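Same chain, two partners: chain A is paired with chain B first, then with chain C.
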Partner chain A sequence: MKKMKILIKETFNMFIRDRQTTIIMFFSPIAFMLILGFVISGISGGTQNVEVKVAIHMSNDLQMYKKALESEAKKSGFAFTFVRSDSELKKFVSSAKTQMGISISSTALNFFYNQSFGQYNNYLLILQNFIVQTVRKRMSGIPTYIQVNPISIKKNSNLTVISFVVPGAIAIAILTACILSTATTFSKYRSNDVLKRIRVTPISGSVFAFSIAIHRFWSSLLSSYLTLVASELVFSTLYNVNWLLFTFMISSAVILSIGLGTIFSIVFRDMWTTLNFSTLLLTVMMLFSNVFYPFSIMPDYMRTIAYFMPVTYFMKGLRYALGISPMYGWEFMAINVIFVSIGSLMMIVGGRSMLYLERR
Partner chain B sequence: MKEIWFFFKTHLLSDMRNKRAIFWALIFPTLLLFILVLTFTNMGKSSLNFKVIIINEASPTAKGVNYANSLVKAFKSISYPNKGAFFTLTFMKPDNINTAFKKVEYSEADIVIVIPKTFNLEVMRSVLLSKVGISFASAKINVFYLPNEASSSLAQGVVQGAMDEINSYVISKLHYKLKTFTIHSKTIGEMMKSPSYTDFVSPGIIVMGAFTSGLLLIAPKLASMRRYGIMKKYASTPAKSHFFFLGFTMSKIFTMLIQYFLLAFLAIYVLNSSIHILSIEAILYYFFICVAYVLIGFDIGSLVSGPTAVGALTSFINLPLEFLAGIYFPLFSLPWYVNIFVYANPLWYSTNAMRQLMGVGLSATPMWMNILVPSLWMLASLIFLSTRRIWKRS
Partner chain C sequence: MEKIITVKNLKKMYGSFEALKGIDIEVYKGEIFGFLGPNGAGKTSMLEILEGLRRPSDGEIHMFGKEVQGDVLPELKERIGVVLQQTSFLDHLKVKEILELFTSFFKKTLVISDALKMVDLEEKSNDYPENLSGGQRQRLAIAISLINDPDLIFLDEPTTGLDPQSRESIWDLIEKLKSNGKTIFLTTHYMEEAQRLCDRITIIDHGEVIEMGTPEKLIMKYGGESKIDFACSPTPSIEVLKGLSENIQRIDDHCRITTKNITKTLEDIVLWSKKYNFSLTNVFLIEPTLEDVFLNLTGRELRE
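On to the complex of A and B.
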């Protein structure tokens, strides 16, 4: 026990003195969440609601419809800016002040897009059909016989666009920081012959791995609290956080990530290969999971890959702990138990093998 | 000249033997391009599949009119296994409404559509009243959803959109005359007809590849050469410092050129992109940004203590710069304080310029700025480098 205490104290000093690791552990999750938050909310038109910004030019004979159009737009998730001419409209679109432009006269509808928005224009083209139908129906004075009455199953749902992004950003940032920092630290110790020296001491591999892991654990936990507070301050996310479940979920995911980092450092041996593989795996995890988009819009092959990614389950648990989406209690427990068991096993086996492989 | 050739050959061979260099210069950008195209090309396109539960409470009117059945048929026509479907339908009895809500709550279904008991009567009344010109309230179908669930919210929106189609169908059956409009759409800055996601992302990945190579081929190498005294050893030979820097830089730019053609050919021949890879302007501009990123790599290599630190620093600055360059997604509606970083980001200008020069679309920033800003970075890097003593004799 005494040995363990000394070891933890020493590894704490090493951890604090290592500026790169400290930056990765504490600041990168916050920076990642902020950048991703701003970029995604920019595409969505705002941090609160999805809002497509549209510049509108209406011919003089249609000016009387302006107010009706504006109120209809607000309900349908559009934000209209009325301009005086088509040339002004084109300027708005080309300078990306609005995502699209519409010029309306009594006989024609002209839509303007910006080529630099690339694939995003495909989504705007879907909206074009919706706008054409609505305008045509309104202008023809045709009644709507059947209407959809949307009813929320859960009351007091006040979640915003950004609230969907933040848990994903936290999950990816925590996984990245833990896997990369654990994997590179062990690889660095191997290349600097620190592991060889540890091997000739009475300290066991798993105890050494534990002493390194514990500082990644508390710093990740602290960092995730800070990221959550930062998201509340910057984006007013207003989660209904269950702090106990949040702590459980983050802790078990951190243990799994540290375990993965330990195993990667053993399998790939040198630091750069470990770093390369981890980066690639994290990129795949980020894109092929339901972190930023729901399962229902993914192609089948992506859905299948997503089910094999731990981040998918981490996200599910995190969203539950943040009060975003419900989940069966047994499911939450099962995810946590599996994460902790596999992570701990990888740490113990990894720690032992790490020193065993240094026997030559 | 001989010395330059010697340094060029030595460092090129050293990079080709180096797993890290091969990974960051050739493998990572290639895999990233593949993954991105695989992810975003099919996203939302012929892949929408919302799980919808329909509960039909409506009973036919006394005259046997059943609009609810027609509505259900309309939903069936846009559901699987039909082509271009959006929904997978499940029908449940009205008694099971709470079970249906539970399924939505626990993500086993996305929405519940309830056709109310009075639906048929309401539609019939609406049709009659509208025919005699009296205002009426529309018949409603209830869509129960979870606003906090992205899938559920999206499904609710898709049903709203589908209702417009269904209403238009009803309108056409009732012989209403719809006003005709001519519809035009124009894309500002269009250079290529309907560019695919591969067209959009490839120039950005090429720029990102050059930037990453600039950092990861140069900075760690320079840092380790300094750490292990190799620079001192070079300095004690008769070789001039500028011969070393020229040969070293050219070897990196050569690797970056290989990367350019590898990514461009992959985009065209494997991923069916239509970008202009052999455009002389694009190649010349690429060469220009390679020089800029090489200089930034030199700065970082001279700044940090060892190759490990370079790895940490690079991963820390790489991601923000890539996201704020519009490589993966277009950028708009950003707050002014984030825009400061975008406008100062050399990758943003390089990506815009490469998109225009490769024939994807007009650059979002003026071409003179696409040259000026990276040039300013080059100048700043050179000034900074001149203050560092990399080539030391003692």
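On to the complex of A and C.
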């Protein structure tokens, strides 16, 4: 235990004195969030509540809840147009009279989007979440098929497009920082023979890798809290954060990213190849996932690719923890368990292989 | 004497290239064992196989009486210290912190101040390695190799690229380690270094052992004759010089006699100078070295 303390202490010194790494780890999420936030607010007036036209059709057996829904919507600043049938609803949406249509019956809850209103897509997702919450809250006992977890949206809060984008900024910045910094650190140690030097000592590769990774872990966690606070201060995002779930989600994503970084440094043994591949992967992950636009409005081919992107699930979990997106509890747990399992496995295998491969 | 390392018929192939062609060596407790050869002879391959950094293609290795099969076991790693040919340290750590980090890798370790004292780097303990001179960096590398108080130390060309003063201080340090009872396996292409430090040496060339033994015995056997250089005034004629010895030649302004019997030849030179009334100046004795041994064994200079 004493030896482990020394190892952690000295790797902490290495980490904290490495300005390049600390800047990436601590400040890149905040910087990324601020840049993205200001860009979004410039394009779409992101800090203002957007007026989105929504048409709703409620089946006859639910008409008694119409007033309740209207009143709930009014309180939250939404305005709905009620239509008589699903076909009328679809016409409204396809003719762009409304950006979204919602069909509510006792057996199904369907959302229809008009994709030509791309600038409202993020907002629509937030609205979708609001509807799910309201239906669950005000029509209890009827649409039992909506198995969402209780996430209440704060009344009159500034749930804006930026609120949707901030988790994306946190996710991308954390993934980038963890994958790149882990991969390049280990590749560098290989190229300057540090790994070779460690190979001739009795320490196991996974213990050494762990001692390097742990500082990426806590710094990412700290950085994500800071980013969240900064977003609330600068853009008044006012999330309904479940801190425990948020910590879980960030932790498991960091473990997965560090695992990926470790594996990349082994597969691509040269530092620049590792760096280039990691950057390419992160770019693909950013484009083909739900970081900037909701999963539901993606074209089919993008959606198929997004299914294979860890960041898609990271985003889902993160938005759930921040209270802006619905999700099943078991789904959240499954994502975390899978991230932690795969990440830990990659770290252990990667750490061992890292030193093992120094024997040629 | 206790054998620390026994290597039998060790081979190493890189593709179709045979870097080591069946090496047999034994290293005894407390000695400085030199593994000599020109660049590319297979010294580092041999050393890295013993350190566990390379896989042998064939052959047997025993270390501290245990057969090394596959990787070097952690319990053996606890007993060995390694100085690699290229010294690089972990970034952003000071000298004492690097040593502290390495203490966490081993069960039994020295006190850091003792390790620093041993390599004379106490005053540099709070410096970063990039601010140290080449010699100091090499001494730090040796301090790291000593941190687990090893019984066996591998030194791969420890003085390559160092200035003469730094080289001298590393040699003093290696001698100090030997006097502390450490067994040292040293590779070098500096014959002067091997001659000064090693108790026994093995000379390899093109992956094969060409000779082994103590430096003195090898020099006696393969070094050839000693040379005595002298100058005298007035300058003697060739005929007069031939009267002194048949093995004499004039090189610029001085004369050189090659001889097997130094004492006798020196006496002859003195008598000869008195007889012809020459005053002797600048008398030098040039004894054969391991460079000559290598030249005589291979027909090549060591650094060719």
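Convention: the second predicted complex is superposed on the first by the 249 of 360 C-alpha atoms of A that agree within 3 Å, B and C clash if a C-alpha of one lies under 4 Å from a C-alpha of the other, contacts with A are read in each partner's own complex, and residues count from 1 in each chain.
Please note the rule applied: a residue touches a chain if its C-beta (ideal position, glycine included) is under 8 Å from a C-beta of that chain, and two chains touch if they have at least 3 such contacts.
Because the structure is a prediction, the values reported are computed rather than measured.
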Just checking: does A:196 make contact with chain B only, chain C only, both, or neither of them? Give me first, second, both or neither. second
Check the contacts made with chain A and report whether chain B or chain C touches more of its residues. B
Would you check which partner chain A:164 touches, where first means chain B only, second means chain C only, and both and neither mean what they say? first
By the touch definition at the top of the document, which applies to A:17: first (chain B), second (chain C), both, or neither? second
Looking at A:279, would you say it contacts chain B, chain C, both, or neither? Reply first, second, both or neither. first
In the superposed arrangement, which partner chain does A:299 touch: chain B (first), chain C (second), both, or neither? first
Under the stated touch criterion, which partner chain does A:358 make contact with: chain B (first), chain C (second), both, or neither? second
Once chain A of both complexes is superposed, is A:4 in touch with chain B (first), chain C (second), both, or neither? second
Touching A:113 in the superposition: chain B (first), chain C (second), both, neither? first
Which residues of chain C touch chain A in their complex? 51-55, 71-72, 74-75, 77-78, 80, 82, 84, 86, 88-93, 97, 100-107, 144, 148
For the complex, give me every residue of chain A touching chain B. 20-21, 23-24, 28, 31-32, 35-36, 38-43, 45-46, 53, 90, 93-94, 96, 99, 107-123, 125, 128, 130, 132-137, 139-140, 142-154, 157, 159, 163-164, 180, 184, 188, 270-273, 275-276, 279-280, 283-284, 287-288, 293-302, 324-328
Can you check the complex and tell me which residues of chain A touch chain C? 3-4, 6-7, 9-11, 13-14, 17-18, 189, 192-194, 196-203, 358-360
Can you tell me which positions in chain B touch chain A when the two form their complex? 19-20, 23-24, 28, 31-32, 35-36, 38-40, 42-51, 71, 101, 104-107, 110, 112, 123, 126-127, 130, 136, 138-151, 154-156, 159-161, 163-168, 170-171, 176-192, 195-197, 199-201, 308-309, 311-313, 315-316, 319-320, 323-324, 326, 329-335, 338, 352, 355, 360-364
